[in-house]
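Okay, so subunit A shows up in both of these, paired with subunit B first and subunit C after.
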Partner chain A sequence: MQEFLELLPRFAVAALLTLELSLAGAALGLAGGFLLHLFRLGGGRVFALGCGVYVWLLRGTPFLSQLFIVYFGLPVLGLRLSAPEATVVSLAFYSAAYFSEIFRAGWAAIPRGQIEAAHAFGMTSRARFCHIELPQALAFALPLLANQLILVIKESAVASIITVPELTMTTSNIIASTYSYVMPYALLIAGYWLLTQSVAWLAQQAARRIPFLRTPS
Partner chain B sequence: MSTLPILKLRAVGKSYGENRVLKGIDLDVMRGEIVTLIGPSGSGKTTALRCMNFLEAYDEGEIWIKGQLLGYSTGEQGRRTRDSEAAIAEVRRPVAMVFQQFNLWPHMSVLANVAAPLILARRMAKDEARRKALAALERVGMAHKAEAYPARLSGGQQQRVGIARALAVEPELMLLDEPTSALDPELVEEVQGVIRSLAQDGMTMVMVTHEMGFAAKISNRVVFMEGGLVVESGPPGELFGHSRTPRLQQFLKPWLERSLAP
Partner chain C sequence: MDTPDLFTRCLGYLPALLDGALNTLWVAGVGVGCGFLAGILLHRLLSSTNPWFSRPARVYVSIIRGTPVLVQLLVCFYLPSALGVEVPGLLAATIGLSLNSAAYQSQILGAGFAAIPRGQIEAARTFNLSRSQTLWHVEVPQVLALTLPALVSEMIDVVKASAVVSVISVTDLMRVGQQLSSSTYRPLEVYSMAALCYLALTSLLSLAAWVCQRRLARR
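== the complex of A and B ==
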């Protein structure tokens, strides 16, 4: 109990950092993923191909290697990022690939007939996009987006390797100095669990508030 | 009274790759007329209907709506170029469509579904659009469900909302693609009742249907299609009573036997 109380503040700070890194990375990744999706929808063949290659590369390589390229590789080009900055940037590039695929799935789930109805009634492509496609696609995508955010939170543990003092790094430091394993690891697991479950719970609450997702009873 | 047909098809053809599903359709629809397209599956009747508002791009012949060529512009040497989406929307403006699968937008309330084309396509003020939408819903007996979401409604109710959505844009021509085919048998009547009442009000309609009895009662003219061609067309009494072609006789046989059965 004594150990728990001593460690708790350090874990709270570390968990907060994990959350900050993940949220910042995922927010940028979400925006990037949406842009990728838009390019693929209407940007012509060259853009679509470029986006396809991007997704192909980012999904096909480990996050750790992407982080190394950003943290150790970019300084060669004259761009030196701090470890937390490199983490956010890497998480953003990495998750953008997945987010764009999620948006693609959300769009693919819209029944063709609804788009036809919008056409038949003379809606402009912009009205169609904003009022018919977007609200539905986002609602379909919501659980997948939350899922991806959870994956980003867990992937952020890799930042410990470049010495970002987030949850995993903090745990390693404590273990190295105290030789106590059980309590630090228990707190580590509890920390990630709390963060990820909060995201899952929030997404569930949000989904419940979308009236048209409630299926008739 | 204008003698100009509101809808005119001349030698309209449509191919999907090698498969020529429409092989030259001619059709004139006058104001106030109700024309039904019948025929076996794959005869091209739904494709013909979808070409009439350019949901499918026809690739031979001409379709004229109120004297305007739909979908294409003819250049100097008679070469056709496809119109912009906005230009197509402008020509098809007098036309509204009712779909087999209703195609309501599930994320909008019933009222929002009916008002959306007015607000998003006709640039009508929201208040006015909602008033118009409510009036259209009243017309089909669905005003009491204005705030409900489509998923909460029965198929018949959804289709009535679909009809209200079409009515709200005050169309001069309504296209109905098998409006009762996706409904349980007991819900067919309520939708047919609404369509009948539109007919009584003088709405011009082109309808694809498999309901021969309904087609016989409601139409001024029935068009029998097969293999992408119009095989026979005429007033329902003539077509259903004295069909000239063996193919139509064969097509109508099961229905005639059923309706003549004691």
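== the complex of A and C ==
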């Protein structure tokens, strides 16, 4: 019990860093993924092909190798990032590929007839995008987006390998200094589990409470 | 000393990287294989009507799916040694990946088991097949055929997740990349080559998944 109380503050700080890194990475990735998706929708063949190759590259390789290229490889080209910066940048590039695929699925789920109807009513393409496509695609994509955020939180553990003092790294440090294994590992698992479960719970609540996110059933 | 050009250098990395890629495939393959068997067991426990079986199984799946693979591997590697049992890195890696994959595969297999008509199981019982005979000779072959595309994409996930086994001193693709990078001082090209090797592995696997899917659709 004493050990538990002593370790708790350090874990709380580390969990906060994990959350910050993941949220920053996922937010940038969300924006990047949305841009990628817009390019795919309206940018012509070359853009669509480029986006497709990007998604293929990023989804076909492990996050660890992407992180190593950014953290150890880019300094060769003169771009030196600190470990937390490299983590956020890599998480953003990594998750943008997945987010763009989620947006694509969301848009694919909109019935074609609605878009034709919007045309027939003379809606501008911007009004159609904002009032017809976006709300429905978001409502469809919400659980997938939350799931992707959970994946980003889990992937951020890899940042411990390049010595970012987040949850996993902090636990390793505690173990190295106290030689006690069971309690730190139990707290580590509980920390990640609580983070991922609360994201899942929040997404569930949002889907139920926020009117336009409610999926028509 | 003359330095060969970029292309020749990258070719020079290939033999070592391919060696690492084989290790990666081996660890991931054994992980998915053992994970399949454990996944069947886990599915049985999950669908059991006895809460003493189904509840712990649900907690297990939730914990595995809610925590990073890296953490699971570290626990598999360091916790036994803390309790006085030395586990070599390779063994810890395969156990860790199996335990991880079992949780995900139990979900995939669940869909497969649900697709088997009840009548078949009743027929098997009528023919006096035991429960384990029904499982292994009637259900599992069909479930395997039905879920093969999903299982191959699980294999892709495990190949990618297995990159972190380099941390517990398994000489997989990523570890070979780290060794090459520290001996050549050319991290950008070495890690890019390693990433391309992963890309080749995952692309071949997704091609295999696509072929499985086509076969399945044709039946």
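Basically, the second predicted complex is superposed on the first by the 209 of 217 C-alpha atoms of A that agree within 3 Å, B and C clash if a C-alpha of one lies under 4 Å from a C-alpha of the other, contacts with A are read in each partner's own complex, and residues count from 1 in each chain.
The criterion applied here is as follows: contacts are C-beta pairs under 8 Å (C-beta built on N, C-alpha and C of every residue); 3 or more make two chains touch, one makes a residue touch a chain.
Computed from a prediction, not measured in an experiment: that's the story for all the values here.
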{"item": "Which superposed partner A:Trp193 touches (first subunit B, second subunit C, both, neither)", "value": "second"}
{"item": "First, second, both or neither for A:Ser160, with subunit B first and subunit C second", "value": "second"}
{"item": "Which partner, subunit B or subunit C, touches more subunit A residues", "value": "C"}
{"item": "Contacts of A:Pro62 with subunit B and subunit C, given as first, second, both or neither", "value": "second"}
{"item": "First (subunit B), second (subunit C), both or neither touched by A:Pro211", "value": "first"}
{"item": "Sites on subunit C touched by subunit A in the complex", "value": "62-63, 65-71, 74-75, 78-79, 82-83, 159-164, 166-167, 174, 177-178, 181, 186-189, 191-192, 194-195, 198-199, 202-203, 206"}
{"item": "Contacting residues of subunit B [partner subunit A, same complex]", "value": "53, 55, 85-86, 89-90, 92-93, 95-97, 99, 101, 103-108, 116-117, 120-122, 149, 151-152, 165, 169"}
{"item": "Subunit C-facing residues of subunit A, complex", "value": "56-57, 59-66, 68-69, 72-77, 150, 154-158, 160-161, 168, 172, 175, 181-182, 185, 188-189, 192-193, 196-197"}
{"item": "Contact set on subunit A toward subunit B in their complex", "value": "111, 113-114, 116-125, 127, 131-132, 135-136, 139, 210-212, 215-216"}
